[in-house]
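Paired with chain B in one complex and with chain C in the other, chain A is shared by the two complexes that follow.
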Partner chain A sequence: MTMNRFSTFVFVVATALILVFLIAPLLVVVSLSFSQNLLATFPPKGFTFDWYAQVIAQEDFQRSFKTSALLAVASTFMSLMLATPAALALNRGILPGAAIVETVLLSPMILPILIAGLALTQFTSSIGLHSTMGNLFIGHTLITLPYVLRTVTASLKQLDHSLEEAASTLGASSMTIFWLITIPQIMPGLVAGCIFSFMISFDDFSLSFWLSNTETEPLPVFLHNKMASVFDPSIATMSSLMIAVGVIVVLLIERIVGLRKAMGV
Partner chain B sequence: MQKSKSTLIGNRRQFLATAGAAMVAAPFVGKGTAWAAGKTLNISTYTSVQGEYIAKQVIPSFEKQFDCKVVQRQSTTLPTISVLRTEKASPTLSVAMMDDIGIPIAKGDGLIAKLPADKMPNLQNAYSRFIYEDGFGVAFAVCKSSPWYNSSVITKPMTSWNDLWDESLRGRLLLPSAKLTQSIMLLAMAASIATGKPVSEAQHQLSDGWARMKELRPNVQTMYEATGTAILQVAQGQADVAGPDLSKSMMAYIDRGATITMMSPKEGSFAGVNAMTLTANAPEPDLGAAFLDKMLSTEVQAGLAEMTYAAPPVRGVTISKKVMDVIPTSEEDLAKLHMLDWNIVNPQRAEIIDMFNQIFG
Partner chain C sequence: MINRKTLVQIGLPLPATLFLAVFLVIPALFLLSYSVGTQTAGTVGFPLTLGNFARLLGSPTYRGIFFQTLEISLWTTLASAILAYPLALTVARGNAFFSRLTLILVVAPMVMSVVVRTYGWQLLLANGPQGVVNYALTILHAPMLPRLLYTKWAVVIASTHVFLPLIVLPLSASLARIPASLVEAARMLGASDQRAFLSVTLPLSMPGLVTGCMIVFTLTSASYVTPQMIGGATGAMLGVLLEQQINTVYAWPMGAAIAVIMVALTLAAHGATGRLMARSGVVRANKG
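Here is the complex of A and B:
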């Protein structure tokens, strides 16, 4: 009994320490965003919302925020459209050389994104593709697709095929089976893939750095360039807003599907 | 009297040079700007205050003047060279800005073209010292590079590079990462101190500086890659001294009340040179040349100097006292800044980075 209490105590303390370790840096950033200092020095002094008012009113920031949001939604949608059928084909064992195809599709997760970005710059330049947004969309789809593929593949492994077979026996078409039997069963994987994909795209700097310009500049690149000028609390404010987007996405998922279900737990 | 005569001579020379340049440029300028209408110019600039000034002041005015579109990428020297390399067969950039260190590399790789003097009348006004590799690059801003310190902690002004080795700074010094050009400046100064030779000579024997660099180790707290965070660390009192680094990075913080002071060492400061080039096989070479010319105009140069605390490397620019107090601006004073010969340094760069990492890593 005493041992059980002790283990529980150790578990709670360890969990609390891990949480502090993970959250403390974020709290420092958020606290700096309310500082009245003209520089992002710690500890912050005073309390003000001025930096938020200033940042939100900034046209450059609004443009970058919209670019990042649009890019994240578009690349997540495209990844979902490509990765779901790919995962189905790979999972059903109907594709010759499935292991090789899967490795190729997952390779952006293994390759350094910085190198992938440079390679993509060379590729788009060589084929004369000069649309910045188009190139960013291709790049972001490339790096987000593996995340959707992984989560959907994991969900498919838990799929109860007997339900599909039963539906087929009862005369349901392939599309009907897919929409009414398969999709609801792999929904947690799809949702989790979308969350990962959105956040990977929204936070990406390494790839966007090579492919963007000041007109089409995702938020992390905008933030990086701003930091090179002067590190004031507006940088912390922009970072806090990015953190807020992440938190909102997670809360929405919890509200809509439930985090445990979404993560397949 | 003598002074006014020299001013007169100076003015006459300047007039002749300007008139000559105008004549040479006449065929190009005479075409007006209709040829540029509707074109798109892709340029790579620096980040930071310079990038912002170019985005907010230079580009809108240039677009209006030439009825064209300018697409700006903000980057730094090495990534810019990487992009030029990857796009060599089919470049998108017409103008690429890079430190003087990058120009010999870019020229050697065939990534940049000789600047067309006939299409850049303002090139005549650039100090010859700041035209690189037989006209393949020209500086547009020169910063002072020296160490800086927290003046609320170190109340006695630091006046010598040797002060960095002082015992009172044990664990209180931040050095620029070996990847940053400024680290080479420190090594060159260490070689100069060790050999007793001026930097211009000591740069030929950089390896003689390593023993002195090893003596610096006890003082080094860490190495930084982002100048902004290093400035904040010193301003917050987490370290006392840092650098060397560029005046353009410091001043934005000093203006906002950071208690840091840039050293003016008796051994001299280094020149941090921001230069610009025209890419080889540029998609818009004429428009690119016009943009480079605009960057060298007295109007842009004056604005840039005020905004970034960088000296204009061209004649005839009026600078406020506030800027002149930070950096030397006359041709003679700029000549006193130490400038490294990158053709000597670049081949040793990998070895230097290794040694830095061995000593301070």
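Here is the complex of A and C:
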């Protein structure tokens, strides 16, 4: 892009400021997690790992972390199991009633998550499903499913069908073709979809807070509830641990699939 | 006999479709039906009534929250659209290093919980000297801002932060599809940078912009955490009102009526976007 010097200068400064806007809240949180102050207020004082030691030793934090991790893994697995066959069918050939199927599959995108969570809470309690973990699992599968579906569909679109045709000509069964030809080709898409699905579940608040109780509280809900009663830097420390998970995830995606490809830009 | 292929075709999407139908579509219809129900002693049922909607629209407080939801969502969309352009241009056309760095910095906050990000804004915007913004202003010998947190502007700022990445991504994809030669041609024919941007880049990036704006608008209008954490009494939105009606007032029909209005807003935004795209023909032009 050719630009004169002044435009370039303005453009670069604007971009830099917007990037600062994007990371400032995260930096402030992380800076306070090391503060020796007894209150989580700016500016941080001194430098200590005490809050990290304290948070990691907290039993309710550990329990909440386990709940979140378990939910994220389980709902991602479930979404993958449900979405992959659906994506295959939608991608290939003419499906009877495809329009209805597609409308239902896209419904989580139209219905706000906040309302999906409320509807699910009301529904599960009226039909007598009282397992908090079970209900959270159902809810998290609902919100991760469309993302997995979308990434799998996107990778199927880029599939080289001539390979499958060649295998078929050479006598491979449709199962063999699926496992040996299709799956390896869409693997990067599946991995990216799973990582995103994990994060959507791990980060969710809007659906989970309707369904949780004090014994079974995913991390964001736990954190949100703590904020009402705890004002020391341990809140910033828990938040920083969640930020760390996010950073690891972004680096993983960049490593495995490439962020550009995964985000479709 | 129906052949095996047809059976497989029907069978493959069945589990996902059933799962969503049972746990999303049916519960949603149930909830929405509550909006025209009457609550008596903890159960909701007949007689059917439009009274809940009438009460919602009749109350100046509720009407105010409805319009404030629209206002906050529109400001957030506008701010996100403006801030997204420099980032998306860098991602789409910048040199390899800056483009990658920008993309990482845009995506990273996206995979962090809204609770964490809004907490960051609580600290940044806190009223009084311990707020980071006020702290910075004091260092610059500028007067502190009297009231920042617990206003609708705090909600707009934090929502912009939360949803900005969702507009940068489709916009970068759109920008990347514009042939660089078109901008070059405009520049060679004497257009200034601003002119080239306004008459070439901006119109051709419309599909990404419109898609992104729709996503940001619908998600903002349906948000709960951000207005709940930093909106306070003056920055309330429909999501907050909904939660109060359900968890504090136990008024299920009212809550359901608010939910209906929120879904209607989302559907209206989807519909308007579809129409806008179809009318301007940008969909076809950009698919080539």
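Following the convention adopted for this analysis, the second predicted complex is superposed on the first by the 227 of 265 C-alpha atoms of A that agree within 3 Å, B and C clash if a C-alpha of one lies under 4 Å from a C-alpha of the other, contacts with A are read in each partner's own complex, and residues count from 1 in each chain.
Convention: contacts are C-beta pairs under 8 Å (C-beta built on N, C-alpha and C of every residue); 3 or more make two chains touch, one makes a residue touch a chain.
All of these numbers come straight from a predicted model, not from anything done at the bench.
Student: Under the stated touch criterion, name the partner, chain B or chain C, that contacts more residues in chain A.
Tutor: Residues of chain A touched, chain B against chain C: more for C.
Student: Determine, under the contact definition given at the top, whether A:Ala83 touches first (chain B), second (chain C), both, or neither.
Tutor: Second partner only.
Student: So, does A:Ile138 touch the first partner chain B, the second partner chain C, both, or neither?
Tutor: A:Ile138 contacts chain C only, not chain B.
Student: Considering only the touch criterion stated at the top, classify A:Ala40 as touching first (chain B), second (chain C), both, or neither.
Tutor: A:Ala40: touches chain B and chain C.
Student: Quick one: is A:Leu223 in contact with chain B, with chain C, with both, or with neither? Answer first, second, both or neither.
Tutor: second
Student: State whether A:Cys194 touches chain B only (first), chain C only (second), both chains, or neither.
Tutor: Touch status of A:Cys194: no partner.
Student: Of the two partner chains, chain B (first) and chain C (second), which one does A:Ser125 touch, if any: first, second, both, or neither?
Tutor: A:Ser125 contacts chain B only, not chain C.
Student: Which parts of chain A are touched by chain B and by chain C alike?
Tutor: Looking at chain A, the two contact sets intersect at 40-42, 118-119, 122, 126, 224, 227.
Student: What residues of chain B sit close enough to touch chain A in their complex?
Tutor: Its residues touching chain A are 42, 47-49, 51-52, 55, 71-75, 79, 82-83, 86-87, 89-92, 226, 228-229, 231-232, 235-236, 252-253, 256-258.
Student: Quick check on the complex: what are the chain A residues that touch chain B?
Tutor: Against chain B, chain A makes touches at 38-42, 118-119, 121-122, 125-126, 128, 130, 132, 209-210, 212-215, 224-225, 227-232.
Student: Per the contact definition, I'd like the list of chain C residues that touch chain A in the complex.
Tutor: These residues of chain C touch chain A: 5-6, 8-13, 15-17, 19-21, 23-28, 30-31, 34, 83, 86-87, 89-93, 100, 102-109, 111-117, 119-121, 123-124, 126, 130-132, 135, 161, 164-165, 169, 172-173, 176, 180, 183-184, 187, 193-194, 218-219, 222-225, 229, 239, 242, 246, 252, 255, 259, 262-263, 266-267, 270.
Student: List the residues on chain A that touch chain C in their complex, please.
Tutor: 1-4, 7, 11, 14-15, 18-19, 21-26, 28-29, 32, 40-43, 81-83, 85-86, 88-90, 92-96, 101, 104-105, 107-108, 110-116, 118-120, 122-123, 126, 138-139, 141-142, 145, 149, 196, 199, 202-206, 219-220, 223-224, 227, 235-236, 239, 242-243, 246-247, 249-250, 253-254, 259-260, 263-265
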